[in-house]
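Labels A, B, C and D are assigned to the chains in the order they are written; within every chain, residues are numbered from 1.
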Amino acid sequence: MIRVTVWNEYRHEKANEKIAAIYPQGIHGAIATGIAGEGVQIRTATLDEPEHGLTGDVLNETDVLIWWGHRAHGEVSDEIVARVHQRVLQGMGLIVLHSGHFSKIFKKLMGTSCDLKWREQGDKERIWVVDPAHPIAEGLGQYFEIEHEEMYGEHFDIPAPDELVFISWFEGGEVFRSGCTYHRGNGKVFYFRPGHETFPTYHNKDVLCVISNAVRWAAPRHGVRQTYGNVKPLETIKSVQ
Amino acid sequence: MIRVTVWNEYRHEKANEKIAAIYPQGIHGAIATGIAGEGVQIRTATLDEPEHGLTGDVLNETDVLIWWGHRAHGEVSDEIVARVHQRVLQGMGLIVLHSGHFSKIFKKLMGTSCDLKWREQGDKERIWVVDPAHPIAEGLGQYFEIEHEEMYGEHFDIPAPDELVFISWFEGGEVFRSGCTYHRGNGKVFYFRPGHETFPTYHNKDVLCVISNAVRWAAPRHGVRQTYGNVKPLETIKSVQ
Amino acid sequence: MIRVTVWNEYRHEKANEKIAAIYPQGIHGAIATGIAGEGVQIRTATLDEPEHGLTGDVLNETDVLIWWGHRAHGEVSDEIVARVHQRVLQGMGLIVLHSGHFSKIFKKLMGTSCDLKWREQGDKERIWVVDPAHPIAEGLGQYFEIEHEEMYGEHFDIPAPDELVFISWFEGGEVFRSGCTYHRGNGKVFYFRPGHETFPTYHNKDVLCVISNAVRWAAPRHGVRQTYGNVKPLETIKSVQ
Amino acid sequence: MIRVTVWNEYRHEKANEKIAAIYPQGIHGAIATGIAGEGVQIRTATLDEPEHGLTGDVLNETDVLIWWGHRAHGEVSDEIVARVHQRVLQGMGLIVLHSGHFSKIFKKLMGTSCDLKWREQGDKERIWVVDPAHPIAEGLGQYFEIEHEEMYGEHFDIPAPDELVFISWFEGGEVFRSGCTYHRGNGKVFYFRPGHETFPTYHNKDVLCVISNAVRWAAPRHGVRQTYGNVKPLETIKSVQ
């Protein structure tokens, strides 16, 4: 059983009727419903809950955290960001969606500005699979399309991904590294581009398929427990026996 | 159910009593027994069988192929090598063990000489986990030891691995990249260093744990089916509508 | 002084007047002229010369080999391919252009099919820099355009590049990993996509800038000389002193 | 001309006579002297200077910054760290030495804990070249030795390096990824392990050779100037012409 927490800023949906109509249960609700299934146990958390819904207990019981944020990145407390960061290094998976590229937690894990180009004109996006052996691409065709999306364009200021799974083509002339994996400590991180709040992207079955695959990929195993610091030599005594 | 075929050259065991005593069922038998378990269905194949035991039918029914060879690499027919290569690109996983570094199939997939330094004096080997987030390291400690093994030393002439999971320390003064992953087409390849025929390495529980993990990692998913060649434009007509 | 050999199949230019008009000195001639400059000493070689112009002496005096081929890959002798392969592993740089993706030497170095999608309708190509820190991107803008080119589309069946420098956007709806670096043995390999014979691509200043940068990147240094094979322990005697 | 600034905490040398005897001009002085040569212009800066010697002007005139710190990481001001970080993303090279693994700037660029195992017993260290094609390995043998060094052992909690150039073997039984390259924004980062203050490591010619090579590798080119933010479509208007 993989325990997933879907975190959403949850401000756009409350402030804008058009967005609320697309996501009546919030973006977190749509994702939680969309990836529900066998072997997955899902809860949600949002910015305006105490501790943003991410108490120590919640994080300790979370195998994979999904993150959507946009206009209120600055309101996420540094203390909670440090707590999430620590959990990722301990092994919790983290899936960062769309405008989460500018979240404190993603920037902290990447070490770069995470900046990019963007345009809100509903460009068609075509997402190509460039690593067909990757488990996150399971069940997809050679590409999938989103009829209208916000454009994100290169240069995307991230570290070179450990694995590049998707590249997006945009009608307006840009490309983007849309599916990027990273290992950080014991944890796995996946950045996935689509999901602007004004489009029904999280109702798209291919998008949900990718997020579901990513949850399975990012879930921690019974991983190695590292120790750090001062250690005794393993060999010097033995080697003169 | 993952369908595994363990392929072994199976010559040393028939020619050398000491080796036969370590591996009375052959190296393939020891591995097949050692990784048996739920969710895995195992068969074996050896060099001296017709088509080396790797007929089209066998390969089509194989999800993950494990390869051990040493003194008779040259006797493996180019036709069978091409068949295995094709299946890897289509999605079959391949786990290459120890002296398989010099097999035709591994060299064909790597594109380099795959050469290395070696010494048969029973050095102690200590295998360190350097990517604790990797599923192939699941269930291990921070390192594991093999009391006596053949030494393999750098420079190991391989492409930089997609992911480096293990580095070996040897008593005699060398290091080695011991666990290396690669994607090739739709297939996944894992090279794992230990397993000289004169040592009981494939009875070691950590070594078997790694091979079991690698089987699960390398098993194909319902992967993307690529098409190649001449294609119609996806956009030129649509864009003037 | 970097010694460059520009190798060209040189068949299209002799068989087709339109292509001859674009490349009156052959594609090799255009490239040789286009990248001439301080610190570079250039010669050319073509398929129909004895030993394809790639004698042992020529290769031994070549620091970086540039390769353009298309319709006659099958006529390149396996012996010469093995010779070039050996030189790459020893440290010679190799720059493979456009339809060279299907050359014997590139497939041998990659280990995969190197297949892709293509279309000869003169799509506009926009080549985006995705690794601005890379020396091969030096002097470029954020992207550059080729007004008309053959389209190459993903999936491109290559190993994940060590470094991905460029991604192409095509008017017809595709993307492509257009600038890919690899280390193979002591040698460096760069694949660069543009250059269909029916377009004046090798007169484009940005394309020539990339090839010039790649020559400097791929040139061998006074590299490490590996030895392989059976070795004495470095430590066992010393450690009991 | 590459403009190098060697930054050193410069506290051990002032507090401990034995260390002062090894490095009478400070660690920064030894490095500055050791890498002096054609094409390089060197200055130094230390923690106790105003703004740690890293004013905006100094950084703007620095192509490659070398960083050695140990006991006083916490005294480096966050403002200066942010300034250095910004300059790296803009293209300045950064070479982080030894105990600099725990510096604020390295942790900020890596996004991980950067923790490791250590032991101060003067283990012999043997540094193996695992990427002989890399310019940072130029001029070295297959390995080089440091007779006595502090041991650093895996797991080293860093992102998988873009390129792994060196692996260290330690007498006491450990291994370590000792030479790691990263691109971050327009800048290049190299971590190099050796250099404990109680050993004369920065007088070792192979160590100085590596640092010199790394300076040349990390020096910025006339790189791409990215723009980010809201952009007009490049194609929508053109495509209906």
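As a working rule, a contact is a pair of C-beta atoms (placed from the backbone, for glycine too) under 8 Å apart; a residue touches a chain by one contact, two chains touch by 3 or more.
Each chain and its UniProt protein: A, B, C, D = ThuA domain-containing protein.
Keep in mind the model is a prediction, meaning the values are calculated, not measured.
The interface holding more C-beta pairs in contact, when A-C is weighed against B-C, is B-C. Comparing mean CA positions across the assembly, the chain most remote from subunit B is D.
Subunit A and subunit C have Cα centroids separated by 36 Å. Centroids of subunit B and subunit C (each the mean of its C-alpha atoms) stand 30 Å apart. Of all residues in subunit A, those touching 2 or more other chains are 126, 129, 131-132, 142, 153, 155, 160, 162-163, 171, 173-174, 183-185, 224, 226-227, 234-235, 239, listed in ascending order. Subunit B makes touch with subunit D in their complex at residues 126, 128-132, 142, 153-156, 160, 163-164, 167-170, 173-175, 177, 235, 239-240. Put simply, subunit A touches subunit D in their complex at residues 89, 108-113, 115-119, 121, 123, 151, 153, 155, 157, 159-160, 162, 171-174, 182-185, 224, 226-236. By the touch criterion given at the top, residues 91, 126, 129, 131-135, 137-142, 162-163, 171, 183-188, 221-227, 234-235, 239 of subunit A touch subunit B in their complex.
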